[in-house]
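Quick notes on the structure that follows.
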Amino acid sequence: MDLFDALRANLLSPVVLFFVMGILAAVLKSDLKFPEALYVTLTIYLLTAIGFKGGVAVSEAGLGQVWLPSLAAMLLGTVIPLWTYPVLRVLGRLSVPNAAALAGHYGSVSAVTFIAATNYLKGVGQPYESYAAAFLAVMESPAIIVGVLLGKLGAGDRSDALGSSVRTALHEALLGRSVFLLVGALAVGVLSGQRGMAGVEAFFVTPFQGVLALFLLEMGTVAGRRLGDLRKVGPFLLAFGILAPLVHGFLGVALGHAAGLSPGGATLLGVLSASASYIAAPAAMRLSLPDANPTLYLTSSLAITFPFNITVGIPIYYAAARWWQV
Amino acid sequence: MDLFDALRANLLSPVVLFFVMGILAAVLKSDLKFPEALYVTLTIYLLTAIGFKGGVAVSEAGLGQVWLPSLAAMLLGTVIPLWTYPVLRVLGRLSVPNAAALAGHYGSVSAVTFIAATNYLKGVGQPYESYAAAFLAVMESPAIIVGVLLGKLGAGDRSDALGSSVRTALHEALLGRSVFLLVGALAVGVLSGQRGMAGVEAFFVTPFQGVLALFLLEMGTVAGRRLGDLRKVGPFLLAFGILAPLVHGFLGVALGHAAGLSPGGATLLGVLSASASYIAAPAAMRLSLPDANPTLYLTSSLAITFPFNITVGIPIYYAAARWWQV
Amino acid sequence: MDLFDALRANLLSPVVLFFVMGILAAVLKSDLKFPEALYVTLTIYLLTAIGFKGGVAVSEAGLGQVWLPSLAAMLLGTVIPLWTYPVLRVLGRLSVPNAAALAGHYGSVSAVTFIAATNYLKGVGQPYESYAAAFLAVMESPAIIVGVLLGKLGAGDRSDALGSSVRTALHEALLGRSVFLLVGALAVGVLSGQRGMAGVEAFFVTPFQGVLALFLLEMGTVAGRRLGDLRKVGPFLLAFGILAPLVHGFLGVALGHAAGLSPGGATLLGVLSASASYIAAPAAMRLSLPDANPTLYLTSSLAITFPFNITVGIPIYYAAARWWQV
Amino acid sequence: MQTHPMKQVTIIGEALAREHLKKLLREVGAHGYTLFEVEGAGAQGERSGDIQEFGNVQVEVIVQPGMATEILERLQRDFFPRFAMIAFTSDIEVLRREKF
Amino acid sequence: MQTHPMKQVTIIGEALAREHLKKLLREVGAHGYTLFEVEGAGAQGERSGDIQEFGNVQVEVIVQPGMATEILERLQRDFFPRFAMIAFTSDIEVLRREKF
Amino acid sequence: MQTHPMKQVTIIGEALAREHLKKLLREVGAHGYTLFEVEGAGAQGERSGDIQEFGNVQVEVIVQPGMATEILERLQRDFFPRFAMIAFTSDIEVLRREKF
């Protein structure tokens, strides 16, 4: 399947079409609005399900097989901010806190983008290492910490203030809802294994794709409502929000390949590397880098990079992973 | 199966029994109360699912087969208010806005009643045109516009004010949550087709009937809480709330038959024609015909016609559709 | 399978592991918090599903088979407070209202514990009388009434005041959300029977265990947040919260055996007898025995007895039921 | 714009008191009320909103000064001893005094 | 701590008026607003929150006294005849007067 | 009916500040608080409640005048620079002054 088919398969999948429908709802000012409780519920479900499935997969594959690619993923997340930061500072002429915050966002990951990618691979019948959720779990936090450190050191903070805000960031990054659910469910999956899966599969696995479609309908409205802010972020961030994921995506695919992952697994590592956090990172940055402007990082991660990855990014990284292999 | 069996099959189905249980909860003043977020969630799920399924069915059947009965449905919705209005004015001695608002409600449709009917047909093993959801989509709005026009013209409104309130009604009717979800999901279904259905069937189709049962439990409490208002609407509306659906039901069945629908499809068109809107129409009327009294249209559509159709109406229209065929 | 395996099977099941994860979330002060609407939704689903399934089972088994064990269950619930009360008064030196309220809690039942037990039996492949949900339905209320009576008589209330507060308790106990949902769904199940089950099984049965796992994740956070109150209740209630369920559990198992239940059914009766109410009873007691201290009965039922039963209690009662049989 | 002085009585207390509070307001003859769920903490500990039964409700009712006093007296007598609850009044200016 | 007197305008009415109220506040030039869903009862009967469309919203807006009067007048004229609604003002003290 | 004058401090700001606000209230020694989620708009744009993390909370705390000033000073210093937030005080009359 060439890039065109890969794109077509994605753009005509219910998940992506519902996402577009959500964007339309926001743009057309329809009064479609999901209750907050539903948003939280869907997040809890998706994170728990993906973590649990991943944990069961880890228990099947054995840590011996999982640790290397996981370590690679973690490193990737940690280093991405290190070059993203100078780029944003120099080319983007962004202030220290803004550059640091954005760097943290792009090093961290978007769980929903990852889930959409697994869903895409299922759709095109491409197998992948189902323990890949472990990559997701280990990639979310480190970049956030690095981002905060860059911001503090760049501002030449006195070490004590530094310590406290890194502690805040650590707390947010490790005990924040998303990370906690993901890691916790992973542990549950590892401990209960295939035997435990049998009982709950009908809830955590079977309806999963449909729930994702519904969730992306909502995410469409959320992203759509921010499209208005595109004017505010200027041309540089517009370009960055699309080029950064492409660069990071190919890098992730390459690294995944090097770490011995299948094309499916390499695609997922590419997607993780290309995705930008829009929940955990903003929360941590608001608290640890209060001088950074939320409009900048939220708009670029949520209104530019997220839709780009969901619609065309994923198939591109997949095509890259397959091209690489041959 | 004769009318008696048809009724029995309906009244002993979980969906209807849960509905009755909900009415009891309200009447017995049990503290059973669904959180608003759950109500919204169930609505979103049911509308998205029915729209998506319908869209896939349309993509299977092809527009060539769908357009004629859909047009018939649309016409039906548009003309029903035209005779309902004078009846309400003359026999019911209702004011212009009240008569116009009610006419709009009974020309429009209740998605839940339609869904309950598809569920009933499944239960009795009666096949039906699964693209019928398209009828639902095209019947909701026109009658609302007609109703508003009747109210404005009847009040001899100056054209500009007329224009503005028709515009409000149009916005409500076309971008209101229910219509938008239904039409949007239909489009998604048409575009992704059977291939897309495969992935999300386990969420949008398999558990559908059970979700409907839960939703009708809630709708029972909602309708039950309004039973107290029956005193307020007087004997005429009581009779109207039961006779109008019967007349419109038979008419819909007949028209469906004429449009070449199967007995199942004719039943559904009859149900749509018989049902009265209690969400989209009230919302539009509150804004466009503020002088109409909400107690009148909400009580008759929600506390009289809706329970009547759910319990005995649906089987009656089905019996009619079968009788017609032979 | 010996006690150790029985325990192991329970402690490594997703349901229990998610419960522990929830406790951890609360203890580690993660910001994981379920929206109230989700809590209510999950309760409604679980109670409706268990009631409906039970009702269908009753319609299959026939009342002739159900009435005797149900009566036994009801009696058990009624008498448990009668000895619990003096124990709490004399050994625990608790005030009349506190002792009476606690007695009512431990005579009544926890639906979630029951559901977790059915789930456990499924997990270990142990069949049980699936109409056992009827026991749950008849055991919730009587003990609450008895508890209120004990409190009022113990306080030497004037009969009229007595009457009114018993009436309040009756209303709470019979029309409270949980009892109403359970009994109502049971009735729906009895009336619609196996035929009705076919349509809604995919929603009320198939995903049930997974939903339970998610719900116990939340219940873990709820229970975990109350662990801090353990200091407040003193050593006596700590011991009581663990010994009472053990004693009542064995008693229930024995009675179930005598009433001719299978080991599975006897286990469930034991679990019901061992469990303590933490929703219906507290609500009723707050209103009918306002002088009783909520911290005492909520902490012992929710923070001690509930976790004890969920983790180790259930397998113990099961082992007892199997040991008894041979 | 002719406005009229009124009293707003705000009652915050455990959700279990909900129906009892509505009953009280009916009895004293208040013309209406507004109610929503809140979480909070006070002398009787933290009341988080995760379990409805354990949460709080906030009730706002606008009445003539005389009725405000009556409501407070009833709360003092029948509710404060039984429920985790606070109540207070504030001065407001309403339109259409006849509504209250 | 230098505080400044301001008016808080509170509007409670049916959810359908939501967007119209936001529009009104934009038109009069309020710098912000706060909004949440409530249930309630009044002359136009009970409005429980189970169906969003049938529920109420409470809108709080902090403005200069002059703007408060303007808002009330607009409500009186355009909203009270059409929607189940009440409105009232209360005196508050804010920080950073320039925000309002 | 003996009532006592108190200050109600109302804080409306982004949900992320939630725990920090609770901490502040503990530090100044407030006896309680009431909290609920709201949506709103202000200088820092619209904050709709669809994503908890992007929404607002409204915190109401009843305290002695002295403590009210202390809370406002802390908000001014530590919160206003970091969070989208407003705060104001109003005069109320409570029962059982000892509770506050």
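Note that the chains are named A, B, C, D, E and F in the order they appear, and that numbering of residues resets to 1 at the start of each chain.
Everything below uses one rule, namely that contacts are C-beta pairs under 8 Å (C-beta built on N, C-alpha and C of every residue); 3 or more make two chains touch, one makes a residue touch a chain.
Here the structure is a predicted model, which means the values were calculated and not measured.
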item: Chains touching both subunit B and subunit F, listed by label; value: A, E
item: A-F or A-B, whichever has more C-beta pairs in contact; value: A-B
item: Centroid-based (C-alpha) most distant chain relative to subunit E; value: C
item: Same vs different contact residues, subunit D with subunit F, by half of numbers used; value: different
item: Subunit B and subunit C: spacing of chain centres that average the CA atoms, whole Å; value: 41
item: Geometric centre distance via CA averages, subunit D-subunit C, whole Å; value: 34
item: Residues of subunit D whose C-beta touches two or more other chains; value: 36-37, 90-91
item: Subunit B, residues touching no fewer than two other chains; value: 31, 33-37, 40-41, 206-207
item: Chains touching one another, given as label pairs in label order; value: A-B, A-C, A-F, B-C, B-E, C-D, D-E, D-F, E-F
item: Residue numbers on subunit C that touch subunit B, as the complex places them; value: 35-37, 40-41, 44-45, 48, 52, 175-177, 180-181, 184-185, 187-189, 191-193, 195-197, 199-204, 206-207
item: Interface residues, subunit C side, partner subunit D - complex; value: 33-36, 39-40, 218, 221-222, 225, 279, 282-283, 286-287, 290, 295
item: Complex interface listing, subunit C residues touching subunit A; value: 12-15, 17-18, 21, 24-25, 28-38, 41, 119, 122-123, 206-211, 213-214, 217
item: For the subunit F and subunit D complex, residues of the former touching the latter; value: 1, 3, 6, 8, 31-36, 62, 90-96, 99
item: List of subunit F residues in touch with subunit E within their complex; value: 10, 12, 36-43, 56, 58, 69, 72-73, 75-76, 80, 86-91
